[in-house]
Each structure stands twice: as C-alpha cells, then as structure tokens.
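Listed next: structures, encoded as structure tokens.
What follows is subunit A paired twice: with subunit B in the first complex and subunit C in the second.
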Partner chain A sequence: MTGQEIVFALLGAVAVGSGIMVVTTRQLVHAALWLVLSFGALAGMYLVLTAEFVAWVQVLIYVGAIVVLLLFGIMLTRAPIGTAPDLDSGNRWIAAAVAVATAALLVTVVVMGFGDAKMPLEAGGGSAEALGSAVFRTWVLPFEVLSVLLLSALVGAIVLSRTDIGGARSRGKGD
Partner chain B sequence: MSPGHYLALSAILFTIGALGVLVRRNAIVVFMCIELMLNATNLAFVSFSRMHGNLDGQIIAFFVMVVAAAEVVVGLAIIMTIFRTRRSSSVDDVNLLKY
Partner chain C sequence: MTSHVSAALAPGGDIPAPHIEYGQIMPILLVLGVAVAGVLVEAFVGRTWRYTVQVPLAFLGLAGGFAWTIVLGLRDETHAVAAEGALGVDGPTLFLQGTILILALVSLLLIADRGTGSFAAQAAALPGSEAEQRTTAAGIIQTEVFPLLMFAVGGMLIFPASNDLLTMFVGLEVMSLPLYLLCGLARRRRLLSQEAAVKYFLLGSFSSAFFLYGIALLYGYAGSVKLGDIAAEAGRDAGSETLLLGGIALLALGLLFKLGAVPFHMWKPDVYQGAPTPITALMASCTLVSAFGAMLRVFFVAFENLTWEWRPAMWGVSIITMIAGAVIAITQTDIKRMLAYSSIAHAGFLLTGVIATSREGLSSTLFYLAAYGFTTVGAFAVVTTVRDAGGEAGHLSRWAGLGKRSPLIAGVFAFFLLAFAGIPLTSGFTGKFAVFKAAVEADATPLVVVGVISSAIAAFFYVRVIVVMFFSEPEADGPTVVVSPATAAAVVLGLAATVVLGVLPQPVLDLAGHAATQMFVR
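Showing the complex of A and B:
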C-alpha cells in the first residue's frame, strides 16, 4: 500500500464513522460536533487530492461558519440538552433499507464506471494562485452572480428573522 | 490509486446524509444531513477534477460551498420563524403544505 492509500483509508473511515454518528446519536449537540469531525476528515481528503485551496475553504466555511451557525440554531430553538427521545421518526427500518439499496446501487455504478480509471501522479495544482486565476479569468460571471446570491441571502435572512418589518398585516391576522 | 475509491466513498457519504434526512425529525439535524450530502458531492467534484487534470471541478466545489453557506443562513432563519410561531423545531409539525 502506498502512503496515499493508507491516508485515504484512515480519513475515509473517520468520515464515514462520524457521518454515521451524526445520523444515529441521540444528542443534538453531539450530532453537530460529530459533523465537525466528518468535515475535517473531508478537508484532509481534499489535501490528499492536492486541492489545497478547497481544503482550507472547507475548514473556514464548514467547520468555522456553518457548524457554529447550526450550534446557534440548536441553542435558539431550545433543543433539549441530553438525549432527546423523539429524535427519530417511525419509519426508521424502511429508511435504512432504502439507504442500503441506494448505497449499493450508487457504489456499483461508480465502481463499474470509474473503477479502472487512473489518476495522474503529478500534483494536481489546486493552489490558491491557480484557482484564483481560473476564477477571475474563466469563471468571472458565476463568481459575480454568487456575490449577488450571498447579498440576497443576507437580506432574506434579515427580513425573515425580524418581526417588526414585513409582518404588520399578517401579524394581525395570524395570532 | 483510482478515482473509483473516492467516488465510492462519496456515494456512501451521500447515502448516510440521505438516511439522516429520511430518519431524523429535528429540522436542524435534517440540515446537518443535507450538509453531509453536499460535502459528498464536493468530494466527487474534486476527485473528478483530479482525474481529468483540470481545475474546473475544484472551482465548482468552491461555488457549492458558498451556495451551501447561503442556504444555511436562509434555512436557519426559516426554522427560527417556524419555531417562534409553533414552539417546535420538528419537521412533523410543519405539515400545513401537505394537504
């Protein structure tokens, strides 16, 4: 086994194991913390694939921002600390059967399609310099559209979460 | 080592996320599982990028991350609003659009 395969096996085991813990743990806060581990393992996987910039953006956005937002969400919705008894819905075994069937199908298709493809051994060149020049040369329009999307998400979140704007008429009707 | 390994791992992670969306009741945990699925697709994008030797897959993965951040912001605001009116963050209580 080469070093790349060993690191891939370790990181893959961590990612899959912590993903399963996110789905099966009985405590909400623990689910968010297992998610951090899964995201970190995937960042290591991107480093093995020589996508450095994507790996550090993964650490910054997912581990740094999204998990903190989710923890804030858990706090603000007053989720129970400790085990929550009604966390799973009733159709757990049907869902597990569907998931196992889907996984078998997807893995079979992927392995049949790409099992004998080869990855080049030289470095893939995912540095910030290479990605920056690619973004600002060929991907400028999607990049700018993405900034408008972020702005509209920001405005939308503010409008949704403030009660004193936009809801003056509907509040009288609603409650 | 072939990209089939990475793609198989990404398929497994995607299925774990889908299982969570099917099984879990709390809206925030459903959100976490959606993030898990998005991460699995990002892994597939990056390994395709490595396989073909160009950077487009990595740029798409970067864009997916930014869109996921926007999605989390709006989604959590919606969950907060629902929690404020219904006093619950369970997806089973939000069934008015069902009928």
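Showing the complex of A and C:
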C-alpha cells in the first residue's frame, strides 16, 4: 500500500463517518458543520487524485458557499438552535434500511464493474488547464446552456417568492 | 451566448476556439434567445405593456424556429453533428424539433389566452389569503410564464438532439425545471397545483439522479459519454457487462419516467390534474415528443448492438404500460386524470415502435408522435372551455348532457376521443396502424396483440365519456361553454390536424419516412 492509498482511505473514512454524523446528530447547526468536514474530506480525496482544480472548486463552492447558505437558511428561518428531538422522523429505520440497501447495491456494481482495475495517476489530469479546455471547447454548448438553466431557475424563484405586489409576506410555501 | 466565449479565448491562443455551426442549431438558439429577451422585457417594460410585448415575442420566436427547421429540412446535407459533437442535426431530429415547435405554438395559443385566465395572478401569494384576492381582483397577470415557457421549449429542442449523454442531461434539466415551476401556477385550486408542482419536482429530481448515475456507469464502461462511442465499445464486446447493463437500466429509468411509462407513471395523473390546463397541454404533447425523441436516439444509436439485452425489459414495460394505462383510466372520474391515463396508455403504444428498432419503427413513431400531439393539445383546449363558476369543470359528471347544451364543442371532443381510441379516418388509427405494423415486421406480434386488446379496453372509457355527454340529461346548473378566439384557434388546429392525418396521412407519412431514411447521425 502506497502513501497515497493510505491517505485516500483515511479521507474516505472521514467523509463517510462525518456523513453519518450529519444524519444522526440532533442539532441542526452541528449537522451543517459535520457537512463541512465531509465535503472537506472529499476535496482532500480529489487532491490525492491530482485533481487540484476540482478540489479547490469543491472547497469554494460546497464548503464556502453551500454550507454557508445552509447556515444562513437556518438562521433566517429562526429554526431552534440547540438539541431538537423532533429531528428524528418515525420512518428512520425504514429510511436507514433503504439507504443501506442502496449503498450496498452501488458498491456491488462498482466492485463488480471495476474489481481490481488500476488506473495510473497522471499529474495535471485534473488541472485548471485541462478542465478549462474541456469545458470551453468540447463541452462549450452544454456549459452555455447550463447558464440558461440557472437563469430560468432565478426567474422561477422570483415568480414563486416575490410578494411585493400584494404586500403580504408569505413564507414556507404549501403549508 | 457562445460567441463571447470563443471571442474571449481566441486571442489568448492556448485553447483553440470551438467551432459552432450556428446555422444548424439556430432553432435552439432562437428559442433560448427569445427566452432571455423575455426576461429583459420583464425587467424593463412596464407592467401594463408586458403582456402585449411578451406574446408576440414568444410567437415570433417559435414561428421563426419552426421556419428555420423547415429550411434546414429542405436542404439535403442535414446529417451532421454540430457544436463540437454536442448536437446531432439529422432527419429524425429535425422532424421532432419541427413537431415540438408547432405543438408549442398551438399550446402558446392556450397559454396566451387571457379570457380563460388559467394562471395565478401572483404565485407567491398564499392560497386563500387576502393578498391573493387583492391581486386577482386587480387583474394582474404573471407574464413570467412566457420566458419560462420558452426556456422549457429550448430544453425540449436540445433533449432529443443531444449527441452525448452530458448534453442530454443538461437538456433534460433545462426542459424540466421551468415545467416544475409552471405546474404550480394554476389560478384555481392553488393547493392542488402546488402539490402537483412539488410532487413533480421531487420525483423528477429523483429520476434525474438515476439518469445521472446511469451516465456515470456508462462512462465507466465506455470511457466516453458520446452515444457513438458507447455503441462502438459495446460492439467490441469489451469491458464490464455489469456497468453496461446497470447503465442501460438507470438511463432507461430516467427516460421512461419522463414518458410516464408504468411503473414510473405515478406523477402523471396528479401533475396533469394540478397543472394549469394550457401547461398540461404543453406537457402532454411537447414533453412527450421530446422525451420519445431522446429515447429513440439513445436506444437506436448507443444501444443498437444490445437489442437482445434491453428488448425483454422493454417488452415488459410496454405491455404493463398499455394495460395499466387503459385499465386504470376506466376508474377515473376527473377528465384531466382520465386524459393523463390515456397518455400513459399511448406511451405504451409508442414504445412498441421503439422496440421494433427498425427504420419503419422510427418513422412510424415519428408520425404517431405528431398525430397524438395535435389531438392531445386539441383535447386539453376543449377542457379549458367547459367552465363552472369556480373554473374548469373537471369532474366527469359535470360534463353530463354537454351534447345538448353545446353540441359543437361536445362533438369536437367526441371526435378527439375517437382519435385517441384509434377509430379509422382519424389520425389515431393511422398512427397506431403504422407502429403496430412496424412491430409485427420486427417479430413483436404478441406485443401488438396486447396493444390491440388494450386499445379495445381504452375505447370503452372514451366511449363512456361520449355517452355521458350525449345520452344523459344535462344538470340544471351545469357548466357553461366559454370559447375565446385563441382557444378556438387551438381547437381548430388540433381538429384539422387530426382529420387531415386521418384522411390523407400519406404526405406526413412520407415526410416521417424521409426523415428516418438515414436514421440518426452519430
């Protein structure tokens, strides 16, 4: 076992462990913070695989933006901070069974599919340059269409949340 | 959209500018461009003028895209990949895109109809709240519907044209996201509409995740997401069978969900019922055409050498889709839910054309899609005209005696139902005959037997609606029929297409046959 493999396995254990903590902790804010650790470990795994650009994007977007957004969401909706016993749903054992079965299925498929196949790591395979030329050349059309998708999502968010016409505040749609 | 990227990178040198065939993908660019222009209209045009600007803009975009598609179809060199291999421009794609654009134009007639008022004045207002009453009374309309519609149509054009799975996924999302939103904007029965939107969103995200995982497995198998590369790798019979079969299954799951094939049909009745009826018309026609286009491309290009692997599963799906759609439709009492189950049964009939995997299968499926699309838009247009005090009269019992009250509209609806049932001299018969013939030629005769049996079951509930309309006494406080010019135009277009494709189908059959001669590009 090389050093790389050991680091990779350790980071994987951290990612899975903190992922389990996210769904088992009884404090909402703690769950968000455990998520930071899980995403960070994932970024470390990308780094080990020499995809440094992807790793930093992971840190910037998932750790930096999404988790902060989650924390803001918790803060602004005035959710109770501290232990919340009602975070556990009555369906949790069924959900756990489904999750374990799904994980087992996915792991089986990947193990059966790849088995002991080895891919040599090449430096620069996941660099900004390689990714940039892929995104802006081969994948330029889907990339640009994704910006259209974001625009339509923005317009939709405004449609569903803008209340300044009637003046009434409405929060938590559908309740 | 793409030009500024190439312009910004070209002088730098290291990355060569991508080559985009603007002429060949212009219908897509035009529709998405109009959508972006519509967003700008929302931002800069005053509220009183927005509707008057948005409607012609959307009409021009769709009509321009349709005209451009026809021009592309008339030239003979349309069998190429465009935009760095992301999109395939070929006969079937142009036929599908033209069908989607013309059906979207007819749906736009319904959506733009102010008289029926299908959309919420303010979607953000809580149902039943004071704000909702105030905005409704003020006559405000949510004109964001038009750019969202154009975004969705743009996605529908990309979805069947995409030559690799990544572009296909992006097209799927661009198509679906605006539709999730539009589903929640019904003016009446707001809670039902919001429930439909949330259901559609959650289940749609689930199926997208499956689709994405299927792409990942196929990438693991072939080392590429291009459909042609996957076909080449599968033809070489190398690599891991597990990844390939898992990938096919998950990809098919995502596609079958969009078609509403059993057992992935649960969303369809709820969403069709809850969504504003013009949007239901759009989903029942354009989304189905687009999803079938993508299905055909994936199974005819990427999995063409694997027919033995996926055919048995598709047989099963097709059989249970036809039977379940027809049988469950009998128990429905809501007209929109009934049409949703009818749409599920028709997805089953269409799948027999996919299973044929022949040139005839392709051309007959293309014809069926066009024929069914027009009929279904017309049928939902009729549904918008039969109105109670509280909006559309959805319950079947309210339609009792409509034939005596308004013989014309009841007669037209009866004709659409007969077309769904596949009675000769309607487009439904020609379409069904074509796909079943292709299936028989491809040795799928048992499938055709099941198809004919479930057509007979389906005819039962279509005829039942006709009996309710013509042979029962009208209620004293029955619904009134309100037909505004735009809706009338949509009904007439749907009716004309249903009659013409039933009586004189040969030109369109030839067109579909010509489109299918070279099959899909890769």
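In the analysis below, the second predicted complex is superposed on the first by the 161 of 175 C-alpha atoms of A that agree within 3 Å, B and C clash if a C-alpha of one lies under 4 Å from a C-alpha of the other, contacts with A are read in each partner's own complex, and residues count from 1 in each chain.
Heads up, the rule we're going with is that a residue touches a chain if its C-beta (ideal position, glycine included) is under 8 Å from a C-beta of that chain, and two chains touch if they have at least 3 such contacts.
Please read all numbers here as calculations on a predicted model, not as lab measurements.
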Partner chain(s) touched by A:Glu144 [first = subunit B, second = subunit C, both, neither]: second
Residue contacts on subunit A - larger count, subunit B or subunit C: B
Touching partner for A:Gly132 - first (subunit B), second (subunit C), both, neither: second
Touching partner for A:Leu160 - first (subunit B), second (subunit C), both, neither: both
First (subunit B), second (subunit C), both or neither touched by A:Phe114: both
Contacts on subunit A seen with subunit B and repeated with subunit C across the two complexes: 106, 110, 113-115, 139, 142, 146, 149, 153, 156, 160-161, 163, 174
Subunit A partner contacts - residues on subunit B that touch it in the complex: 1-9, 11-20, 22-26, 28-29, 31-33, 35-36, 39, 42-43, 46-47, 49-51, 53, 55-56, 58-59, 61-63, 65-74, 76-81, 83-85, 89-90, 92
Subunit C to subunit A touching residues, read off their complex: 1-2, 5-6, 9, 14-18, 20, 25, 32, 35-36, 39, 42, 83-87, 122-126, 129-132, 134-135, 140, 142, 144, 147-148, 151-152, 154-155, 158, 166-167, 170-171, 173-174, 177-178, 180-181, 184-185, 191, 194-195, 198, 213, 217, 220-221, 240, 242-243, 246
Sites on subunit A touched by subunit C in the complex: 106, 109-110, 112-115, 129, 132-133, 136-142, 144-149, 151-153, 155-156, 158-163, 165-168, 170, 173-174
Residues of subunit A touching subunit B in the complex: 2, 4-5, 8, 12, 15-16, 19-20, 22-23, 28, 31-32, 35, 38-39, 42, 45-46, 49-51, 53-54, 57-58, 61-62, 65-66, 69-70, 72-74, 76-77, 79, 84, 86-89, 91-92, 95-96, 98-100, 102-103, 106-107, 110-111, 113-120, 124-126, 130-131, 134-135, 139, 142, 146, 149-150, 153-154, 156-157, 160-161, 163, 174-175
